[in-house]
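Which chain is which? They are A, B, C, D, E and F, in the order written, and residues in each are numbered from 1.
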Amino acid sequence: MRPISIETGVTKHAEGSCMIKVGDTHVLCTATIEERVPPFMRNSGQGWVTAEYGMLPRATNTRMRREAAAGKQGGRTVEIQRLIGRSLRAGVDRQALGERQITVDCDVIQADGGTRCASITGGWVALRLAVNKLLKAGDITTDPLLAPVAAVSCGIYAGQTVLDLDYPEDSEAGVDGNFVMTGAGRLIEVQMSAEGATFTHEQMARLMELADKGVSELVEAQKAAVA
Amino acid sequence: MRPISIETGVTKHAEGSCMIKVGDTHVLCTATIEERVPPFMRNSGQGWVTAEYGMLPRATNTRMRREAAAGKQGGRTVEIQRLIGRSLRAGVDRQALGERQITVDCDVIQADGGTRCASITGGWVALRLAVNKLLKAGDITTDPLLAPVAAVSCGIYAGQTVLDLDYPEDSEAGVDGNFVMTGAGRLIEVQMSAEGATFTHEQMARLMELADKGVSELVEAQKAAVA
Amino acid sequence: MRPISIETGVTKHAEGSCMIKVGDTHVLCTATIEERVPPFMRNSGQGWVTAEYGMLPRATNTRMRREAAAGKQGGRTVEIQRLIGRSLRAGVDRQALGERQITVDCDVIQADGGTRCASITGGWVALRLAVNKLLKAGDITTDPLLAPVAAVSCGIYAGQTVLDLDYPEDSEAGVDGNFVMTGAGRLIEVQMSAEGATFTHEQMARLMELADKGVSELVEAQKAAVA
Amino acid sequence: MRPISIETGVTKHAEGSCMIKVGDTHVLCTATIEERVPPFMRNSGQGWVTAEYGMLPRATNTRMRREAAAGKQGGRTVEIQRLIGRSLRAGVDRQALGERQITVDCDVIQADGGTRCASITGGWVALRLAVNKLLKAGDITTDPLLAPVAAVSCGIYAGQTVLDLDYPEDSEAGVDGNFVMTGAGRLIEVQMSAEGATFTHEQMARLMELADKGVSELVEAQKAAVA
Amino acid sequence: MRPISIETGVTKHAEGSCMIKVGDTHVLCTATIEERVPPFMRNSGQGWVTAEYGMLPRATNTRMRREAAAGKQGGRTVEIQRLIGRSLRAGVDRQALGERQITVDCDVIQADGGTRCASITGGWVALRLAVNKLLKAGDITTDPLLAPVAAVSCGIYAGQTVLDLDYPEDSEAGVDGNFVMTGAGRLIEVQMSAEGATFTHEQMARLMELADKGVSELVEAQKAAVA
Amino acid sequence: MRPISIETGVTKHAEGSCMIKVGDTHVLCTATIEERVPPFMRNSGQGWVTAEYGMLPRATNTRMRREAAAGKQGGRTVEIQRLIGRSLRAGVDRQALGERQITVDCDVIQADGGTRCASITGGWVALRLAVNKLLKAGDITTDPLLAPVAAVSCGIYAGQTVLDLDYPEDSEAGVDGNFVMTGAGRLIEVQMSAEGATFTHEQMARLMELADKGVSELVEAQKAAVA
């Protein structure tokens, strides 16, 4: 694992925020509370947690086209923000949250591999801080957050199973993916993809072991940050 | 597993085509060969395989808005067609294919769960038939298809690990996902997602065993269809 | 006229459906009943019938770009679906239908000329079946369908007036068009267009005679299908 | 027929232009010559004539949303501009025009029914003037315009066949349409549509006779304008 | 200043309208009254004045792409219509107007520099005429128009400060801009921009003097037009 | 003036970068060098400088919709990025820059008024650093930056002319605007806008004096940052 740092309270407007740095990958995560839910949730008594993801045009080595200028979010962006939202919701008791929405925005300031995992890990910290605000204000009485949620990437690079790939490793890896887990070691999302390659059940098992270790370390960093 | 049927040669224009039925899920798969590659592949001496996915508006129980009328493909569609393309490419020697593109279109005529898995399984059959045409015409001499590629869904429904979920099961399952594998039993893609739930390493292992069985059955059906 | 076949009940979800085949042109038509009308019809006591049209990307000889991926429906698609909707509405007593909407989706599975005419003819069959369901359930008591509606293409090809053009004829014809008529021989829509050519009043009269015969044959096929 | 006036040379930039007034319907038509053709015409030795149509937001009784602000041209606009382009091309020898494009823009300044017919009639005048410029400059030697092209609307209103409908008539007519013809009395486009009604072959024949008369009058006005 | 002409009542549908000509720049301005306000103004007791701007494709020397066909309004269009709306609102007592909206559409028929200034000057005339209608009908009792609003362009061209630039001057000017003022000589908007150049405080002061003179002349023309 | 801080080199990928803080307004500015120019500049021997502007969704007090998700850049964004680009170009000798493009991205991390001015001031620092890299590498030999470019907002708030408005002041000000100037005190852009108000020539003159002072202070901060 690359060095992890999570700085909280980095923006004055958001209900919860942090800057997470995993190696040279830096993501600004903010959580916004709104007293409304999407149409399909109205009058359900339950809340909603969703996420949006973006990358600054020059977060990467060569400048990428700004999605707002291109007129739409690319397939990769859509896929990532759906993953972040689903992952965070898995750790939330939506009944306890009450009929309100929390939107977690993850914006990549600098990218060096693993931006979606850093977004989930940092996004949970922003969510935790926003929920703390609701609890402190007495808007809710039961904590809706069931457990910390964190994510780590891993892959098979030059024949070896590796954890927390940086960009050069990631772009060379024939197999890579992400494990999203709770602080209690339960699985939320497992995604392993091969591009022009395949992998064995044994490799899959080894990647899972690595991921367990990585997530433990991330959850420690989360706990320290929100303490 | 629900009953599987694969009928080939269902449209007169496409280089390869089949209608795959997995239970009440019916997907029309066509493969189109074009003697050009996307800009990022030009002069690489390698070919490209890509996929597009769509659902007829009334393939589902209630009518969905036509994506062409809505003016964009939804996030779910984008996610699925990226998965199909990635999965099929994992079974292709792109050097042997030569600098040409094969586009696999998967259009869901009737949906009852597992449309993305049926698309991958049927898509490979269409791809196989199109490649056979190239081989027969002498356009290529080495078969670029390394192994059959098939996919099966599985999930945890009412506390139990189940294979090949239909729509009612799928919409109730707290955890579901897809396994894409080769006919030789190697993994291409593993995707397990929890929505408002979590799962254990043991459950993950059991799902993997189920998937092995399901994919074996699908590969038999593929072999019979293209024989 | 090319051989006509109409198979009903081809999809389990739609209130009415058929696969119409006119020669090598195959169109899947479904009718969806919704208990709401567009904003401009609310509180009018009248219903609405509308249509949407699409072509699978490889319905044609060379693959066409998927309209959902292109981000909009092309001019030809818009023109065709407006024609289908208008044609079907001409045969409907919208007061008798009551304040509900029926959407007829026509998706071309395989194209060989005359897809808009096949869509109208098959679309009416799907509409008929959906309306039968409403009548049987007692949701309406007066049949809102005034007469069958069917359409046939014709044109001037190699100097001769011809009926029911297939794709090679259609693409060579300097003049072509469509006649939409009721089973009682009344006109609903007459569209003759010249592209880089002109035609005489006499030719127009001959085309009309041909169309009368073609529509009679189509209406027979419709009656047999819904019997 | 309502009074017709055609004023030419109304804008200093366009190669050909006129303001056509048919009753209270006023359309500004301009023709632009460009020394290039669309990709599908390149190296064909033939030219192309195309048209675009628009309506100022307050050309109508109540303000319509500006299409540029809405982000797309509506179905009606697309249908109309395809009709104008097709109609004008029917009167052009594209070989004689040479490999260049003429774009005819028809913008409705004030609408009172029959805007598409006025656009075709006025559009031909703008086209004629632009082509005259090419002939005068010696850029082409053979006149590519085969015959004048003009259009008139007609319909069935209050049980009677009528010519050149104004807006109140048009919006009440159960059947209406357009006839596009050459100055020599040959047909280019026949479009009769019923909305919630049907019509007979006899009515169709009467409408055609009316149209013959209307077009004759329009062609006289065109000839006077370009003289 | 180039010759100014303002003809009122040029379209039969709009509540207020004029054709303003400043030299060879011709803009059609219409004002539409609607008894509704945008969502952010509801129940405020105040009205709203907004503007939209467009250019016919061949208003310019070479044909520009139609914005409706391009699928969006360009940056220049958006900037201009925001300026027109802001400028007109500065001269309106929105309380006196009451909760209704007036939309001023400015469509450039022929362009030769200064189209945004002509739009503001002519737009105010259309607004004045529409408001007169409300006053005459007794819908409002206090005149909400505080003062005439007019605009003039100026710039530095070939080293000299000049007023009311035509297109050749404008495209050569290193510095140009617009002054929007009331008939009473108060400022509403000052916009001076350098492109690849800079300017001094002294030049700025001289431009302001020129603008004072130009606006006086325009306000005289406005008064004469609405008298 | 609020406290100003400019930290350079804040991202490892961009050729030039800084984080500028003016009070609670924080903008990340990056400059990207590309060895290509837009089509309209090709083979001109001159370079191009352009800018893009964005705001993170929760940079503001309440969350704004992400422009990439909305599918387009809003009018305000377009207006601002055109201003930034124009302003920076005014300080560049594009011949000396050579045929390459520098894109300055300004992304607002936290907003409290004056984001466009902070973007110009910080954007120039990023541009300076990127150009220094070109000079150091010997890619260019003459410094293309003619003078520092900085911008300050000012307005009339509660009857008083004020400099560098924060968000509460800005949203209450009836008149506000921006002055863009060079380090040598020459003007580049003057924009004063009244919303529902007007202002006098005397007020304009006082605002200009204030702006002179503000820009001097900003230029000092720029010089210190790039030293």
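FYI, a contact is a pair of C-beta atoms (placed from the backbone, for glycine too) under 8 Å apart; a residue touches a chain by one contact, two chains touch by 3 or more.
Per UniProt, the chains are A, B, C, D, E, F = Ribonuclease PH.
Note that the structure is predicted; figures quoted are calculated from it, not measured.
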Could you give the fewest steps needed to travel from subunit D (Ribonuclease PH) to subunit E (Ribonuclease PH) through chains in contact?
1
Looking at C-alpha means, what's the farthest chain from subunit A (Ribonuclease PH)?
D
Which whole number of Å gives the spacing of the CA centres of subunit C (Ribonuclease PH) and subunit E (Ribonuclease PH)?
50
Whole-Å separation of chain centres (CA-atom averages), subunit B (Ribonuclease PH) against subunit E (Ribonuclease PH):
58
Just give me the whole-number Å value for how far the CA centre of subunit A (Ribonuclease PH) lies from that of subunit F (Ribonuclease PH).
33
When you check subunit D (Ribonuclease PH) against every other chain, which residues touch at least two of them?
71-72
Taking the touch definition from the header, please name the shape of the chain graph: line, ring, star, complete or other.
ring
So, starting at subunit C (Ribonuclease PH) and moving first to subunit D (Ribonuclease PH), the ring lists as C, D, E, F, A, B
Subunit B (Ribonuclease PH) residues touching subunit C (Ribonuclease PH) in their complex are 11-14, 17, 24, 28, 30, 32, 34, 52, 54, 56-61, 63, 66-73, 77, 103, 105, 107, 109-110
Help me check something: in the complex, which residues belonging to subunit E (Ribonuclease PH) touch subunit F (Ribonuclease PH)?
72, 75, 78-79, 82, 86, 89-90, 92, 94, 177, 182, 186-201, 203-204, 208
